[in-house]
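Per-chain residue numbering starts at 1, and chain names A, B, C and D are given in the order in which the chains are listed.
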Amino acid sequence: MKRLSLSLVLMLLIAFFCMQASCFAEKPESISIGVMGDFSGPYAPVVGPTRPGTLDAWQYLNKEAGGIQGIKLEPILKDMGGKVDVGQSQYNELVSMKPKPIFIDMYITPLAAALRNRFVEDNVVSLVPGAGESLYPVGNSYAYYALYPEQIGVVLKWIKDNWKKKENPKFGIITWDTGYGRAIVTEEFYNWAEKIGVDIVDTQLFGIRDVDLTPQLMKLRAKNPDYLITNSTASGPLAIKKGLKEMGWDIKLINTSGGDWGTAALDPSLFEGDLVALHVKSFDEVDDPSIKTVMTYFTANNRTEKDKSLFYLVGWQVALLEHKILNQVVKDHGWKGLNAENVMKELNNLKDFAPLEGITKMSYSEKRRSPTVARVYKITKGKFLPVTDFVETPDLRPAKFK
Amino acid sequence: MLFLQYLVAGVLTGGLYGLIGLGIVIIYKSTKVFNFAVGALMTFCALVCVALVTNVGLPFWLALPISLAFAAFLGLLTERVGLRPLLAQPILTLIMATLAIESILYGTMLLFWEGYTISFPQGVLPGQTIFLGPIFIPHEFLYAFIVATACFVLVGVFFFKTQMGLRMRVTAESHVVAMALGINITRIFAMSWMLATVVGALAGIFIGNRLGLQVAITPSLAFKALPAIIFGGLDSLAGAIIGGLTVGILEKMAAGYIDPKVAEITPYIILLLVLLIRPQGLFGEERIERI
Amino acid sequence: MLVVQQIEVFFQHVIQVLKGVSLTVPPGQIVCVLGANGAGKSTTLKAISGLLAAEDGRVTDGLIEFDGKRIDNRLAHDVAGMGITQVFEGRRVLEHLTVDENLRAGNLGGTRGMQSKLEQVYSIFPHLKSLRKKAAGWLSGGEQQMLVIGRAIMADPRLLLLDEPSLGLAPLLVKEIFATIERINREFSTAILLVEQNAARALEIASYAYVMENGRIVMDGEAQVVKENPDIKEFYLGLGEFGTRKSYKDVKHYKRRKRWL
Amino acid sequence: MWRPCGVIDETYEQDLAIVRTFPQWTLTVAALGALALLPAYVSGVTLNTVNHIAITIVALHGVNILTGLTGQITLGQAAFMAIGAYSMEMMVRYWGLSFWIATPIAMLITGVAGVIIGLPSLRIKGFYLAMATLAAQFIVPWIIVNVRPDLTGGTDGLTVSPPSIGGLQLTSQESIFYLCATVAVFSTVFARNIARSRYGRAFIAIRDNDIAAEIMGIAVVRYKLLSFFLCSLYAGLAGCLYAIWMRGISVEHFTLHESIWYLGMLIVGGMGSVVGVILGAIMIRSLTILVTYIGPWIAVFLPPGTGTVLELGLGPIVFGVVVLAFLIYEPHGLARIWERFKAFYRLWPYSY
């Protein structure tokens, strides 16, 4: 017993020193980028593919774009495993590295929201999901895609423009009862919908662990909407669509980035004809040069079908953006000027940046910290086919921060 | 009419809660251990079933018994590795051991399936619906309900009509007395873990068919069954099922007539009320306390 | 039949409770062990029945033989399977099970003969029959004691270990219980190892007696002989040297601490 | 309270003292000194973990009073922390109170909430009581999210501004460390004093047999509720510290899993022992962080490509195995190992 406890203590000590050592294990001749996410926790079905995406993208950038003037870029991936306090500790580790990474990518909303003020204090720039509370009031955070209500807005606008009937199109909202799910249920969204002449007839919430949504769907059906809107992912849309099928109600579902390839692959027949707003090109546009480039690395690194999801492309998108900004800052201000202020200045002046021959479009401004384009996709036989090109999203920032 | 539909939905989902609850109750009844690993165990078995169907290519009717056999094995393994060495330790230590086991299972699942959502291929269970007038009864839930009822009846017969069941109940009462009566209590523990894991695996397979399986989320579904078993009583088999049904119905009624937001905590409010009025649950064994 | 030779028992590897205890139970006889609280009587029984392990205890020295087979540190259910049944101190009934189920639980070895066995027990304890559907936890102390003895008979043991059956019972009930013990011994010719504090009663029905103190057997002999021993009389039976009840004020324990051996 | 031979109390002051002998004084001063100098030697990352451990110790003292001493199992400590954190932040935000005033009030609010949740304990015991506190763990976050989302920020939560002391903003890990460490030390002393006072003995009596305790003249109702009150008081304090340490709060920080692990830490440390609380918190918290390094560390030795999956899974597996092994080989907790070490040290080189 004594020996066991001693060896336990020893083990802990050794592990402790390993941890200490790993803090200094980065090469001075490379630039580090912090990449934090919930790669194994509850959000992993969505953001998990970011890991391969990021790795492939930096491989591409270091090989074909020559890093930043010949200096290699190194992403440091941290998996917080669903624990906010672990994430916080990993963040502290990233910002205490020398030299400190300027960019820290956050693929987890609660942590991004909690650390919002820390980004400013620690003088780092963070790329976060498109949820309002992590972006506003304006700090050092930038979203990698449009706010969730803005994405829905693109679809609503498109439906309204193609609407043949006389009366307004009617929409019912059924969404997760979580911070993520509720992100589309904002005052600005309702006001805007009224303005463009579509009716939101009912809003229903459901729990992330609900297996049956009968009451919610019954209530929605009583209001007779033309489309349903959701902001949920993986099991959420699956539960909705299964419920709809069981009650024999044929209605199409509109989803944001949560309804991407990963979700549709769960049961492609169910999602037939649904509409999804995404801000990147589709994997299914196989002839597109940007998708071709991405797929070269996708296949070269033996990525599986499960990685074929939006966040794989987001990993690319973020890497491309950071590469472009860092390159520009070094070009303009030299290595000495490589700091958060200059990076943010560069980001705020970014207009229609379309990397990799237009895989997406990104623009930021001092006041608006999220990209402003999205495309409407229709799921046809399990494939995501675009019905519009990149279109400008409505501006649905929280009103007080406009 | 709406009321009837809510009732049907409540009964059918309640059956699922009851099935998970049954797994917890079986272990609690014979070993007095509250199994926090139940969610991880059921997810693991369901994931194995999916893997057998999609990766190995077995038909579902063959994959199901194999995965249930795996469940029994996993239950046995858990008991052997995790709880057997802790025999005669305080109950809280045992409960912690189940948490540690949950962590190990969670990590193991991540190794094989990572964090992605895994779903059954389509058509494993016929996704038809029975329409009775305006009322609809989905097959998926109906099957779950039937399986839950069957499990309940079988386990009940096993517990109350067989020698093995009597052994289990004696062990539940007092480990020391059971030992003195010649009962090999370690074998009883192993038996109940195997039985409970198999029941849990069935629940996991139904949930997986419905929502897909995700290593970090699906285990927490087991917590949905907590109010159900408290409602029915931690040590009552009938209570698990009836508690499950009651919680299911109340949840759907609250969602239908009040607000889905309220539905989320309705079971817990009921739980508090039940605890205040009848601390041992509706069907639980009354604590016999004499000085 | 049962031979215990010089056993030493440690709890948690450090606390020594038994320091070389030896005793023998011949077939079909009642043997009693007397001793004060904490003398190690119950521990001796647990050492025999194999329940020490449940309390982190071990027989570290000596041996226990039953019918010539070593049983020290064997698993409890194995020992029970060989025909040794222990009845615990403090009436450990299975509270939530009915009386009937309690008795059935006693005979888990074979279902055959269950019914006749049940009838046998009910004939010994007719009172229990009227309670057969009642949860055992709600029975009175005396009824519970009958129940646990009845449960032990169900297993058809060859050796019955009884741990203080009279504890906390009214004198009349004690009398009844001892009568029953004698009856069991007579009818089924079951050997009984009886641990008691009620020395007078125990010595009446036992044929041989051991006296334990501080984890040691300090005296043994035929029950009659032990009963006549002046020290036993004074310390265990509360009688003076001349067979008269001694006034409490005359007891000079502090002066006459008997040193055995 | 074992002491070596020959240490005898001669006055009541000595009997009341926590730190008794000269070597103990030396050790205490040295330990406090080392603690004070810690920020100079360790990096911000380690300090961050140390801060989390200190906060955990504060919360865990509460669990220890309720579960370790009084024997009432709680699965709702994280929910109580949420009450403390939210009420503190809301008072600072909407009433403009300073952190230093808001914290004691928040603690009291949490304490009262704890008493309300503790009310069922008058009727129910054991695991069923645990279920009542479990209900709190679900109901409290629900109230925070749904009742006044305009005030509590709903599911988004609130960001917390750092408190200031004499014009100095407590933003750096060093400054938070001094706050957390001081609070942890004082709450440890307080917890130690509760454990050895009349209250502590009453709690233990209730734990061992509440009916017997009542017969002995202990007002069981009052002491049970007092125990819930103290537990929640600690939770409220820990919640406030957590808020300024994390700099943001949302219900996702105060999960059921967290609550269950508080109980786990107590068992790993050793039930009912103040030393156990400290050791348990250190062990589990540092293990949680350490295992996040194990996956990537092992992945280095593997051929590229296979490592990515190991990175995810190895952490939880190692965590579970260490905790399980620990439970199996030392079910009485780290506190027992500590006692054994002390005994070994005292008797060395002549053991026994």
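In the analysis below, a residue touches a chain if its C-beta (ideal position, glycine included) is under 8 Å from a C-beta of that chain, and two chains touch if they have at least 3 such contacts.
Note that the structure is a prediction, hence the values are computed from the model and not measured.
If I drop chain B from the contact graph, what connected components are left?
Minus chain B, contact groups: A, D | C.
Compared with chain A, which chain's mean CA position is the farthest off?
If we average the C-alpha coordinates per chain, C ends up farthest from chain A.
Between chain C and chain D, what distance separates the C-alpha centroids? Give it in angstrom.
The computed centroid separation for chain C versus chain D comes out at 48 Å.
Please tell me the distance, in whole Å, between the geometric centres of chain A and chain C computed from their C-alpha atoms.
73
So the centre of each chain is just the mean of its C-alpha atoms; given that, what is the distance between chain A and chain D in Å?
About 35 Å, centre to centre.
Which residues of chain D are in contact with two or more other chains?
Expected reply: 312-313, 315-316.
Going through chain C residue by residue, note those that touch at least 2 other chains and give them in order.
none
In chain B, what residues contact two or more other chains?
110, 114-115, 223, 261, 264
State which pairs of chains touch, listing all of them.
Here the touching chain pairs work out to A-B, A-D, B-C, B-D.
Under the touch definition given earlier, write down the residues of chain A that touch chain B in their complex.
Residue list for chain A touching chain B: 38-45, 48, 82, 177, 204-209, 211-212, 214-216, 218-219, 234-235, 238-239, 242, 245-248, 262-263, 266-267, 269, 306.
In their shared complex, at which residues does chain C touch chain B?
Listed in rising order, the residues are 49-51, 53-56, 75-77, 80-81, 85-86, 88, 92, 94-97, 101, 104-106, 108-109, 111, 135, 137-138, 151, 155.
So in the complex, which bits of chain D are touching chain B?
Chain D reaches chain B through residues 73, 119-120, 123-125, 127-129, 131-132, 134-135, 138-139, 142, 146, 211, 256, 260-261, 263-264, 267-268, 271, 309-310, 312-321, 323-324, 327-328, 331.
Going by the contact rule at the top, pick out the chain B residues touching chain D in the complex.
Counting only chain B, the residues touching chain D are 34, 36, 81-82, 85-86, 89-90, 92-93, 95-97, 99-112, 114-115, 223, 226-227, 230, 234, 261, 264-265, 268-269, 271-272, 275-276, 279-281, 287, 289, 291.
Inside the complex, what are the residues of chain B that reach chain C?
87-88, 163, 166-167, 169-170, 173-177, 179-185, 285, 288, 290
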